[in-house]
């Protein structure tokens, strides 16, 4: 039975309150609930962590290989600035999917370049909380295909 | 009953033969078959077109608003060069999802910038033919949410 | 009696419906009517074509020298991406005027650079459908001055 | 009865003598005569000023709102360097048209970017002295449409 | 009675010892003392935190909305690299002022661009420890004006 | 008794009327009144000049050293284009503070780079008319510290 | 007996009339005649197509693998803008040579970068119509060597 | 007796498992053992820390001046993104050497620029785990020379 | 008998006081005296003007053709920002030499590019006040050679 | 009887041993033999020189005009860095062809720009040693056409 | 018994006299003496050459493979400009180490990019003459490991 | 009695024959004659060398300090590419003047940036052979002033 790690990056704890016109009105716990339900449906285990700390996210990924079959990560603000998270993902050999709530390509210039994108398997961006569910779908597909 | 337009851009007719290490070994007709099955499952109609002509794709999109509830498009080589397709998508007010077989952010520099991405609702990239299925899923979600 | 070729580029068939806050509410047939009336007034013949195909526009221009005294062109989305249309205009030795409905210099960065502008005689931009009438005026002036 | 302000920027007093292969052989007083005749024809008042001083042009524009219905400006050398003139135009709420004698997009690289263009209503460029007449036509159209 | 959060970013604990020719000889505790005295004078409460951790600063800001009326932040080294802190400030709807001891625009090129500046209300830079006092003044003004 | 020179750059005479959503509704004479009152309070003399002319501002600064103890300058549109004003400030050895009404770092790209900033002592930006009062405060501090 | 496909890109139908100082005075039919004679000499079959349509050229190349042993292509205006043609060439596994009449490296900046060059076997540029003959020579050599 | 601080940056705990074709097969504990032996040989004390946290590394360096005579640091992923670590090194007045396992100049573009390099005394890069031993050698030389 | 116009640009009236380590200790009147003596020696007339106003310099040059045989200009701060002065020099058909006191290529980046240099006959830079004397020498040579 | 100079640039003496996967297994003497045979066939004289010295190549070209009718040059490493060789070719008025063994446009970025290309008549690139034979063919054509 | 080639690039003959604040006071012969002593200690042969000629350095490297087991090179001024030396090193299959006296990353921008670095095994920079000794150490390690 | 070294860079031996519309019709020996006469007039010794070899020029400069009081150098094609010559000039502590026959700022883009300019005392450019005479004048002035 596969086990998936879902990582929410910095500021995602503020979801629902933070700029709802960009990020939607759904709170993080609602997203987590939806993810857990879907995981149950598909018969997979799921671990969900939110962290504002780059180093913590690096460590979560570094330890993931032993315990998880795949990762769904929304690196949020670290998407554009963290070589350390990129290196961690590259070091770990399990399927990894990057997700974003908003369409990062329709926002400020500095958000158009993801340092993470070149090292993940694929990216889902722009569908609000539904990006996470598609991301989970995608990682399960990748695990099955391997 | 929603009706979805799926557009395959230039060279996708060569799929399966063309650089299988990048694009996979599945042919276009196999992708189309999978899309039609999924459409049937979800109770939606689906129209699938492949075109190598920028102008033809512009016209397909321009006429889409009347007949379709949503678009799934893989603009392929036109992703990085077509302002005309971008303008067509912007002009049409129906949910549109951009999909890519390969992870365009892990390839040549000029493939990192999509002229299309800023005007679609969201993007799914890097999961081989499965990007299309996730894209169809996404556009159905967007239609339902509207 | 001079004969003028007016070329409407990609997506201009959608005019009136497409983003009216940028392009105005006037439809293409209304613009064409105004152009024909003005042509009649000035005693010139006028041919009007709309095309979404880069290659077709290249051919229209390539054949123009024999039949027309001047060209008014709104290259729309091809303004920023078509070296082929630029080469066609450069090859043809008749007065050519580039027009735009919207002020392209007040929009997205990639719209600030016209590949066409350096090879036409002049450019009229930002006056909605009235840009076409000024463009026709301009091309008639250029023909007279030659 | 509308009243139009026409501003000739730096070095335009040298017209006719200065690089006639670029700017034509017509002198500034001949342009002014043509503008006045056209203004008379259209039943509008016209004020024409030439200035080599950025600050003076800023002041002419700053005071224009009370006395004029529209502005036609050829910012000449200040086109590419004056944020102050740009700010003045942005501050003043009357229709403003930028004109250029030569096709600035067919000249040196630094002339391709107008700091003024994004804040005027529209631009006419490349038709020699006739750019002014088209510019006057354009500003009258804008006043009427408002 | 308003309550203000003052955040000192990374390395500011070294103040006084670290490059005194750039940052001055005053220690962080002396700055804090001056801030507290001024706060007392103005009848406001003040909380002061120094942190070298990007994630910790993100969290301080994320929790600030409930407890504070305004923020004065010197993001120090994170000024130029932290999208996460920028996102936190953007998410929080209280007046925020960015301060710098040195004139960052007179130093190395990479210090000229603040990722934080576009999302704060205003910036005070270059007056040594006095930047903090002016920053506090500024945030009190912003709170009063709201 | 110190004497301060306050310089308002181009277009600031239009304040209150010009784009109030960016610059606020307060007129220049109201700002000047507030500055004079504050000067009186602090027991300093103050001279206030508004000029739209780059050369005039250069001369004001060039002559300042003999008569003034400090300068508060809002270079407005010349902020981004005037090496001459920069050189004047660099030549004059008295404390100088740059102020801006709006947060220039939250506006168009070309406003993010101040040619003036690297040669002043410090900068206050984004607090509306209150930027001037903080700027005056700052320059008095710098004079005292010298 | 090898069979070669020669593709002439956009505007090459105008050859001889179009800017003879750059492209020479020889017409396309004269080039074709020379190519056919040389093909006959070498005992190879040759198919020659001119197209102004990007999509058509994409299709010609996409179908080439089955019928041809090699391709000689002058992509003309599409050299600098077509990712779709590049992708088609990359997909097809037969020797391909890019030719240009003029020395593209001695012309405008945007002509210095060929999107096609990195995916062909080699390039011959600058020898007028003789570039085609050398290109044919080159492709025959590549076929023989394979 | 000099005491040296060795800092291993993010992801170095994964050494040996992570991309051995780039970083080699030696684990971090093997490197540490070699460093300790060499330190013993040279009669110096050595402290070795691995951290994935930027803030923690900032603090290690900030406190180093009192306890250590020199620093050997492999900033790993933070090499290219951390102004905070750069500022910490600049603040501390003891000899510091930057080391890298792989040749960062032979890898992705974003790894060619070290924000750390301009503030350390010197850099050793590309010799696998032996870079650390040379780095220790170098820092001992610098301490002796001081 | 030739007559030469010498133009000193903005801030040069401050010479001797302004940053003597860059511009030297000689005052403008001393330079003028040396120029007049040299002019007398060579039997030429000389007119010397200092102006801080871009527009004034534009006018001085615009009127020069009738009265002068050559121009020696130190555009100072306008060197890098004035298209208007460049256009004036281009319009005037008499020999013109650009001089600089300091070596502009050894200073800040923005001083490395002279907008004036491409339109003058030649440039003398870096020899302090002696640049003017060499510039006068040069312009006399150019006049003689014409 | 025409006489051709063939110049082999730096490192070409290592041919056959140096990176055979890029440059092929043929040695320089084998290439020279093929060139001499072809020259004999065509009834032309041929001089072949290999040099690793930029200055020597400059001199070979500088002296070529008197003795040779044309030049075939593979500038190798100097292709991208030598303005001196470019100037020498520009100074000499005989037909010159640039050849490269590998497809320089398919290699590292810095190899995409040839400083030599804009001043030669044409370029042949990517056909291994056969590039030289095509280059010789091309130069003979150019000589005949002159 | 391994034999090492040490190459000193241009201007290194001036060592000790040339800018001692950057390059130190030690002369080249002192460095050579230290290298020879160390070589003797380690039981290796050493050849040391200084050359100001790019072509000569290319040849030294080109011939090295037969006679030497490794190279230590300080390319000095050619570090940033020589593709020819880079190609020579790439062609030769023996361990090569790049060394620099000064920290090139703390100097002018153009010194930050080494064309040589991507093709050597590793780089030692910033330790004055000691960089050479560490470089020798490094190359011996590489030879042993091979 | 001062002794001056004049260095003519690559291709200057071709002077008079090479592109006379850019470099003039005067030969190198005529320039040398003029320089010698002027030297005689001023009572200085002069040594003149022409070299096409970067390394040779490096050595000429490296040895100059002992024998010469000043250098006049036209680095020609090495102006834009030689860090080695730049380093040599920087190492040598005698007055050095850079001269150019043509106005390098009015030519191709890559000629606008001199690597040499930031390290010489001053530059004279654009006066044909007269640039050398002014350069000699300038270096004598610098020697006298020292």
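Going by the order they are written in, the chains are A, B, C, D, E, F, G, H, I, J, K and L; count residues from 1 in each one.
Throughout what follows, a contact is a pair of C-beta atoms (placed from the backbone, for glycine too) under 8 Å apart; a residue touches a chain by one contact, two chains touch by 3 or more.
Note that the coordinates shown come from a computational prediction; the quantities given were computed from them, not determined experimentally.
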{"item": "Which listed pair, C-G, C-D or A-B, duplicates the contacts of F-I in over half of its pairs", "value": "C-G"}
{"item": "Chain centre separation (chain E, chain F; CA means) in Å", "value": "23"}
{"item": "Whole-Å separation of chain centres (CA-atom averages), chain A against chain L", "value": "62"}
{"item": "Computed distance of Cα centres, chain E from chain B, in Å", "value": "47"}
{"item": "Numbers and ranges of chain B residues touching at least 2 other chains", "value": "53-56, 81"}
{"item": "Every chain pair in contact, whichever chains are involved", "value": "A-B, A-E, A-H, B-C, B-G, C-D, C-G, D-F, D-I, E-F, E-H, F-I, G-J, H-K, I-L, J-K, J-L, K-L"}
{"item": "Residues on chain E engaged by chain F in the complex (per definition of touch)", "value": "103, 105-106, 112-114, 117-127, 130-131, 134, 137-138, 141-142"}
{"item": "Chain I to chain F touching residues, read off their complex", "value": "9-11, 13-14, 17-19, 51-56, 76-81, 110-111"}
{"item": "Residues on chain I engaged by chain D in the complex (per definition of touch)", "value": "53-56, 58-59, 62, 81-88, 90-91, 115"}
